Amino acid sequence: MALPSESITINLGPQHPSTHGVFRLRVTLDGEVIQDIEPIFGYLHRGTEKLAEERSYTQIVTLTDRLDYTSSMINNQAYVLATEKLAGLEVPERGQYLRVLTAELQRVASHLMGIGFFLQDLGAMGTPLMYCFRERERILDLFEMVCGARVTVSYMRPGGVNQDPPPEFWPGLKELLSDLPHYIDELERLINENEIVLARTKGIGVLSRELAIDSSISGPNLRASGVAWDLRKADPYDVYDRMDFDIPVGSNGDSYDRFLVRVMEIHQSLRIVEQCSKDIPDGPVRADVPYFFRPPAGDAYAHVEASKGELGFYLVSDDGIAPYRCKIRAPSFINLTALTEMLLGWKVADLMVIFGSLDVNMGEVDR
Amino acid sequence: MDSSFDKNALFSTLNDFYLGLLPDSLSWAAFLGTGLTIVFILVNAVLMLTAFGTYMERRVLGRFQTRLGPNRVGPFGLLQPLADLLKLIMKEDLRPLMADRLTFFLAPVLMVTSMLVVVAVVPFGSDSFLADLNIGVLYLVGIPTIATVSMFLGGWGSGNRFALLGAARAVAMLISYEVPMIISLAGILILAGSMSLVDVVEAQRLPFILLQPMAFFVFLIAASAEMNRSPFDLMEAESELTAGFHTEFSGMRFGLLQLAEFGEVVVTSAILATLFLRGWENPFIPADWSQVLPPQVWLIGKILFFMLIFTWIRATLPRMRIDQVMAFAWKVLFPLAVINMFVTAALVVAWPEPTYTQLWAIAGINWVVAIGCLIGFSLALDKHRKNPTASVQLVKIPTEVA
Amino acid sequence: MAYGLGIAKGMMVTLLNLTRKPVTVQYPEQRVTQNPRFRGEDFVWYEERCTGCASCAKYCPQGIIKIVTAPSGEQTQEGETYKIETFDIEIARCMFCGLCVEACPYDALHMGTGFERAKPRRSDLVITVEELRASAKRPSTWFRPQLQNRGYDPAKGEEVPWQEAGRESTVAPTYDDMLKRWVEGR
């Protein structure tokens, strides 16, 4: 005799230790199995796109820092690329190299944070998190050397970069490049083959290739599902076409692949940083651009491979000092499209694992 | 009762002291007084060790994570447990409307009681203990079941649907881990020939950790699970929606539950020290030579050592899911414990009165069997036998030229 | 790979980290060493250099700088500099982006080095012109290559006088430059 049972709806509230930011999820459960989810976000909405209409192009750089606050440099880069496309500005080579260098360092920092919090959600009591943050601190110290701030950097400007790094930056970078791969290897030894991690992440939350492409997923999540697509290779910007690096591509699309793709991307990013620091030419770092410049009327879209996926800025100008419209294509927001399909049928204990492996940042989702 | 008096020098001395103070007609009062004094000492010792243990765990966990632990409250942060205690006392003691009064009250009390009562049989010297039951080991494995029951009482008495679910899950896990725990002790009983803990310690000419490595391994893991410690601490996980049986407890009730949980660590370490590392004796030299340090120091040292091992495991491993936990208990630990029991029985039948060399031979055979079984089990269970990181490959994509 | 080997490797890594020195910095007794380029809170303002042009107020994305000036009656030959009556920087909303410092054509405003300006009342979170006048002149070297190139470090405690804070101090004009600018160019 089958007992009648009904589903219960639980609210994983916006304040929760394991949702990365203020994300609310209403989960309908049948026993332990997830039947349906309803994501509710917008708790971090600050009106970035509207604020951008009232600030000049150079001032918007400070707004873009705060989108995905774990990867500020890359946000800056995406925005200034859009501005330069709109206004037809030429960036000096040293500026381009510095942009790629800092963007890749920022990608390492962002992935370290994503990995650390993913493992924290698995219950590892903070040890891998602390190791990741210890290494991230060194990268943030380098950022402080370059632009005076650690997280909200506002380093890039339309036409290049704000200022040249100080002389103590280059030895510091060299030391980081010689040390960091060993620490990442140590972290990999701690985690990669740990049976408990494997048991909890292998085969969990599989995102199939077709679903990933159909849902416009991008970034490490897409690459873990088997699609070898990286904007730095497919549509190179700045000096990425001169850099030699590989793309880690997964085959299963489960949480373990998403996690491992990020770890391997750290190594590739460090390769790029090393190449940049060797090949960087001398010269000016910023084109001579006035502060309140007026691009001709028109529109432009520029996209970069941010640490979470494809970050794009669509700017429409009406010949004023502020854009008429600034639309931000946030990768984390689009990556949440497939959340329902990824979570259905799994147990509650897997929910946090799958959500953590997606590595969304609410600053981007809500803007 | 008389026999344990004769062996128990501490009891006799205190009894004589009290008899000297009281008139003869009140000899039962002297007996009572002696018992209470020793209980007082033991309970205080355990509680002090628990409080210190929470502090030590936080500091050591911090050092594993290359950071300092709490070091602000008092010199070196030593008053941190006091600060935690004061915080918990000052919190509001909520009782949900639908909670059952008696069970809600009883659950923390029973947990602390079951933790403290186990210490009664742990000997901290060859002639100082509270009671040397001749069924000591049976007592040891029977009492933690009260903790299990009290968890369920707590979950049911909270009147919260999720607490009940979490408690039911916890009880299922704990019951399934008691089986390997008990069976792994069978090997020790066979070797020692008696269930009394003092006899077990005295029978360890070589510490049982050498003679019974598999039993030690199984008991360590099963005891971790019994104490709800990492990697089996899914009851306290924030990411699990059912927040466990202690959701509705707050203030000092919650403090008692935490005390019971960490006290179990201390008590389990004491049990491990007694059963596997020769209790109060120097584990490195034979019993008839002079021990370098007093026996209490040895026992406390071993307790701290095992607490550090538990902290080390907690620092490294993430949590397991409930179905993986149960599968591990029944598919891995239970067969290992049964194999250990059979092998030990066979060896004892072959050499009923082993000399030292035969003891070392027994130890060698047991280690070989243990490592063989572990490798065998690992190969049998290993679903990801190929390189698990092979699912992600580096791909060279040609760069598009704009 | 045998089951359990991964866990064993992980435990060894943790044990190895036990031997490393902790990276904690015991604030407030110890401080993290700041780079001289740190964009800090205690803005450094040189009244002698400031002309009241309010470029900083115009560049600020938040619009938190309020400048009220009055004619000063001095230096009327080359163009007047204003007397600054109000120069409020609202730290409560400031995000220390440094655009105001980037804006200043006279190198009168510099970023500071502090980060500990928490106050119990919101109204205290405004830096007034009196506070700016009285504060210690230890500017950060952010966007001030003249300070950086001479190796200035605000953490060392030495103050920078107003004559040395500007970009002209590193490149002093020669006599011919001045002739060309002031005599022949007119």
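Each chain gets a letter, A, B and C, in the order it is written, and its residues are counted from 1.
One rule holds in what follows: a residue touches a chain if its C-beta (ideal position, glycine included) is under 8 Å from a C-beta of that chain, and two chains touch if they have at least 3 such contacts.
Just so it is clear, the model here is predicted, and its values are computed rather than measured.
Asks: Decide which interface, B-C or A-B, involves more C-beta pairs in contact, and give its chain pair.
Replies: Spelling it out, more C-beta pairs touch across A-B than across the other pair.
Asks: Going by C-alpha centres, which chain would you call the most central?
Replies: Taking the mean of C-alpha atoms per chain, the most central one is A.
Asks: For chain A and chain C, what's the span in angstrom between their mean Cα positions?
Replies: That pair's centroid distance is 29 Å.
Asks: Just curious, how far off is chain B from chain A if you go by their C-alpha centres, in Å?
Replies: 44
Asks: List the centre-to-centre spacing of chain B and chain C in whole Å, with centres computed as mean CA coordinates.
Replies: 57
Asks: Among the residues of chain B, pick out those that touch two or more other chains and give their numbers.
Replies: Answer for chain B, listing residues that touch two or more other chains: 64-67, 315-317, 384, 388.
Asks: Enumerate the residues of chain A that touch no fewer than two other chains.
Replies: Within chain A, residues 127, 131, 134, 190, 192-194, 196-198 contact more than one other chain.
Asks: At least two other chains touched by the same residue of chain C: list those residues.
Replies: 1, 3-5, 7, 10, 13-14, 17, 23
Asks: Could you list, by residue number, the parts of chain C that touch chain A in their complex?
Replies: Answer in residue numbers: 1, 3-7, 9-10, 12-14, 16-17, 23, 34-39, 59, 61, 95-99, 102-103, 111, 140-143, 145, 148.
Asks: Residues of chain A touching chain C in their complex?
Replies: These residues of chain A touch chain C: 55, 58-60, 62-63, 127, 131, 134, 137, 141, 144-149, 152, 154, 162-163, 166, 186-187, 189-198, 291.
Asks: Any idea which chain C residues touch chain B in the complex?
Replies: Answer in residue numbers: 1-5, 7, 10-11, 13-15, 17-18, 20-24, 26.
Asks: Flag every residue of chain B that touches chain A in the complex, lowest number first.
Replies: 61, 64-67, 230-231, 233-234, 237-242, 314-322, 324, 384, 388-389, 391-402
Asks: What does chain A use to touch chain B in their complex?
Replies: 10, 12, 16-18, 27, 119, 121-127, 130-131, 134, 190, 192-194, 196-200, 202, 224, 228, 230, 233-236, 240-241, 246-252, 256-257, 260-261, 264, 268, 347-353
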